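Both complexes shown next keep chain A, but they swap its partner, so chain B is in the first and chain C is in the second.
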Partner chain A sequence: MVTTTSQAVRFRRGITLPILLLVVWEVSNRTGIVDPRFLPSLEEVVRAAKRELIDNDLLGDLSFSLMRNIAGFLIGGVVGIGFATVLALSRIADRLVMPTFNALKQISLLAWIPLISVWFGFGEQAKIVFVALAAFIPIVLNTYDGMRAAPDDLIEVGRALKFNGRQRALRIYLPSAMPSIATGVHLGLIYSWLATVGAEYFLAVGPGIGGLVIAGRERFDMAMVMVGVIILGLVGFTLNRLAYSLESYLLRWRPKQNA
Partner chain B sequence: MSKGPHIQIRNVTRQFQVNGGSLTALDDVSLDVAEGEFVTIVGASGCGKSTLLRLGAGLDTTYKGAINHAGEPVDGPSLDRGMVFQEPRLFPWLTIERNIALGLENSGLPKGEKKALVEQHLELVGLTGFAKAYPHQLSGGMAQRAGIARGLVNRPNVLFLDEPFGALDAITKTRLQDELQEIWAKERITMVLVTHDVDEAVYLGDRVVIMSPRPGRIREIVPVGLPRPRVRTSAALVQVRNRVLDSLNNTTQPVPQQAARNIGESSPALRPVIAAVG
Partner chain C sequence: MAAISETSGHAGPRFSWPSRKRIGIGLTAFILPVALLVLWWVASDRGWLAEQILPSPVFVYETARDMIASGEILYHTAVSLRRVVIGFAIGAALGLSLGVAMGLSERVEDYVKPLFLAFAQIPTLGWIPLLMLLVGIDETLKIIVIAKGALVPMALNTFTGIRNVSPRYLEVGHALRFSRWQRLRLIVLPGAVPSIFTGIRYGLTHSWTSLVGVELLASSEGLGYLLVWGRQMFWLDTVIVAMIAIGLVGFIMDKSLNNTETLIQRWKKGEA
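What follows is the complex of A and B.
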């Protein structure tokens, strides 16, 4: 049996759990099950959000975080795809670099923070480097795998048609790796957002949503913390959706797969 | 063009290294193909017919012997030699039109001319309405037509076809065979087609090359010598077919109860006629 679910129904199903959580949150708050100092009421969170939005510079914080995220992601992505292409297409580069890269990628991202802060300070530069690194790793790995899996059949067609190196890369390797690259970019987008927040936690100088959350914690203003956390979640969600749209656009040549 | 054979294969031997041992895929094979000729190669699997085709096309250059195309040694692929594979091998991320245009990528022709050639070849293979479709939207037969168009679009003077209709259903196959024959008649391109389908080989070929396996050798070359268009069911064609089948069956271990063999044996009276044709 094939069941087709309309978009409206799918949306309704997707939104069920978040609404349920909000209800549980509100009920547990009103009935006094949880201490409101640890979990503020929805109302308080909304008030805090309004305060941050109007009196303080919430949008400024958000745009700072987004700028860092996008700058880091773009740097990591472009460098990553280029780096992976060279590794995948040059046997010598592959043999020279890949073992080291495989070892380095095992190091937790967070472990890079002390090094990065020593090398780049605590400012924007360090944060963007950290975000770029977070995007770089999944993008390199997936691009590399995708290119290595380019079908021999098509490579042979390229030979029969006398393709040069550039044509091979642009006509065969890059497009056939596109599904993997899309996966890498998708992961890179998510990781870079996580890293943006991480960078703001650990290299906390300057505005940003991470800074907002830290400030909230220091003042024991849980409503403010919740505002920050909810925004982080919403941005993450939006980035994820964006990545999906980008992916389905780039891969429109593929037959539809069952969702 | 120069005198002499268009494609000249002289004493070619090709060995593969398999698990430390060496396997002789082709053993001292010689074959001449005249310009504008349609040669078909049949044989059981493992007889080296595809290997021979790949050598001719220049996709495989590790052989002993000599292969010449229009007097020039074949030492790699060339745009003068088109290739159609068993699978269409279309690029799934390109539309049909752009897939066909790949064949012109290195032709050095101006853009407008490329476009015109692509359109012309879309029409030649009956895919005009599908220029903007992606390969996954086409049936197997349509995809193979696109593969043929890509092989032809650069106007090679010889086209190598490696079991191009092997994966198609009988009806589509019949239709594409006719289309290929028409294209051949119209464009006067030398064609070398490898197949395991004796009917196809006899129907399309000016000559049928019969190969025997282990090691791959040319057992016999049967000229078909019938005017075109040919009728598949004509007695003359059936006679040639039986002759080819007979020869082919002698190349492998005799299989009991093989229908083809029975047909061959049941018509001994036809033999002298075939011999006369040959």
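What follows is the complex of A and C.
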């Protein structure tokens, strides 16, 4: 833009509101305006975090959640890209399967949970299936769209060079769909984290960050809930960052569009 | 019917006439669902799977019929829709204002955006337990959660839309000595409309997902409640009917938004 504000000013502005928020929080707590059960003091939140970290197994919970997330995401992603490739390359498969897929994807993700819990139980298997489903849908959609948008002249070249199916898939469709696949993977990563949280809320058996939050709510322990929510946010943020760098790494061969 | 049976009689990989081709494509789409339905029916008829794990399609159909006739499904759908409409309206209005404010003023952006992004990182589901402690499990909880689902995509897309308005248009406005208000009304807002629409669509989808989530966790009516209740009673027929209803409502909302979008953006046709 025209006006360029210095980095330092922007930073100062950026941290103003959060600091103000913390001050208001602390003051309203100290003066007792707000019931401390609803708004525990900062100290208490830190204490809860320490307690969960040292006495209880916070890191264990976190790693369980992450494992589920990654396992589901990988399964959903690999199956999704394969599935979409078949649909994009074969017209018959496309016509046979795509309408059904489009109809099923209308069902809101969380609505699958009751059915999944009946079919797969409440254990690890059900959670991973659900997370995989969450990653699967956006990855299929984006991969499919990307491959469908492969430039005609490249396809022509493939025809001229008498590429077989595998060559066409690997040398033309996959590379030209890369940006779109990256978008799908990014969305899949975000959705799978949402699904991990959802799975841990609704299929509440076994360790996990979602379980921690739910337990905090049941005990009316606001500090514990806050710790859990902050961790949920931090993990979401990290995954998002990761997806960004993965995206730019995968697309590093592409000329930069905007500086 | 005659045309259909004729096509299937010739059914080769290639059809010679476009009209038949289209019929062929339409028919192919139904092969898989019909095959699945037959498989489902056979599986439950032969008792391959217990009734509690997979009720027969006939049973699901009868349940659906009963629930429609008794008005039960309509009632729960109406409850859910009401929540989404109110929550979405609040969330979208707030998100739009926030997006416009951040988009127009760099100062507001600097102050608000970091905090906003930090809050946005936490998945909607993450807020539910916290809000439950704060506001209980009444209607307020549902509205807040749904509104939050709409607010984030709405604000972000509005913001991006405004920021991405081509500088060339702004220059034209400058040359024509547009006032601030004219610039906003004639250049910035129309330019941001496509992006705002994306925000509305994502917002509505998120609202709908959030609704299902919050109703699954805490509700005594609505489609999400129907899911939980059916699950607890092991009435999978009810669960499946509720899932279909959720899918249909989602589909109809998406479709009608799509149509509105094309309607509003008619003027763009000449471009590109």
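Quick note on the criterion: the second predicted complex is superposed on the first by the 224 of 259 C-alpha atoms of A that agree within 3 Å, B and C clash if a C-alpha of one lies under 4 Å from a C-alpha of the other, contacts with A are read in each partner's own complex, and residues count from 1 in each chain.
Basically, a residue touches a chain if its C-beta (ideal position, glycine included) is under 8 Å from a C-beta of that chain, and two chains touch if they have at least 3 such contacts.
Values in this document were obtained by computation on a predicted structure and should not be read as measured data.
**Student:** Go through the superposed model and pick first if A:G14 touches only chain B, second if only chain C, both, or neither.
**Tutor:** second
**Student:** Where does A:R219 make contact in the superposed view: on chain B (first), on chain C (second), on both, or on neither?
**Tutor:** neither
**Student:** Taking the superposition as given, does A:V197 touch the first partner, chain B, the second, chain C, both, or neither?
**Tutor:** So A:V197 only meets chain C here.
**Student:** Please work out whether A:W253 is in contact with chain B alone, chain C alone, both, or neither, and reply first, second, both or neither.
**Tutor:** The answer is first: A:W253 touches chain B but not chain C.
**Student:** Could you say whether A:I107 touches chain B, chain C, both of them, or neither, answering first, second, both or neither?
**Tutor:** After superposition on chain A, A:I107 lies in contact with chain C alone.
**Student:** Identify which of chain B and chain C touches the larger number of residues of chain A.
**Tutor:** C
**Student:** Using the touch definition from the top, say if A:K162 reaches chain B (first), chain C (second), both or neither.
**Tutor:** first
**Student:** Based on the superposed arrangement, let me know which partner A:P175 touches: chain B (first), chain C (second), both, or neither?
**Tutor:** The answer is first: A:P175 touches chain B but not chain C.
**Student:** Show which residues of chain B lie in contact with chain A when the two form their complex.
**Tutor:** 57, 59, 77-79, 82-83, 85, 87, 89, 91-94, 102-103, 105-106, 134, 136
**Student:** What residues of chain A sit close enough to touch chain B in their complex?
**Tutor:** The touching residues are 153-154, 156-157, 159-164, 167, 171-172, 175-176, 178, 253-255.
**Student:** Under the stated contact criterion, what part of chain C meets chain A in this complex?
**Tutor:** Residue positions touching the partner: 13, 25, 28-33, 36, 52-53, 106-107, 110-115, 118-119, 121-130, 132-134, 208-209, 212-213, 216-217, 223-224, 227-228, 230-231, 234, 236, 239-240, 242-244, 246-248, 250-251, 254.
**Student:** Would you tell me which residues of chain A are touching chain C in their complex?
**Tutor:** Touching chain C: residues 1, 3, 5, 9-10, 13-18, 21, 38, 92, 95-100, 103-104, 106-115, 117-119, 193-194, 197-198, 201-202, 213-214, 216-217, 220, 222, 225-226, 228-230, 232-234, 236-237, 240 of chain A.
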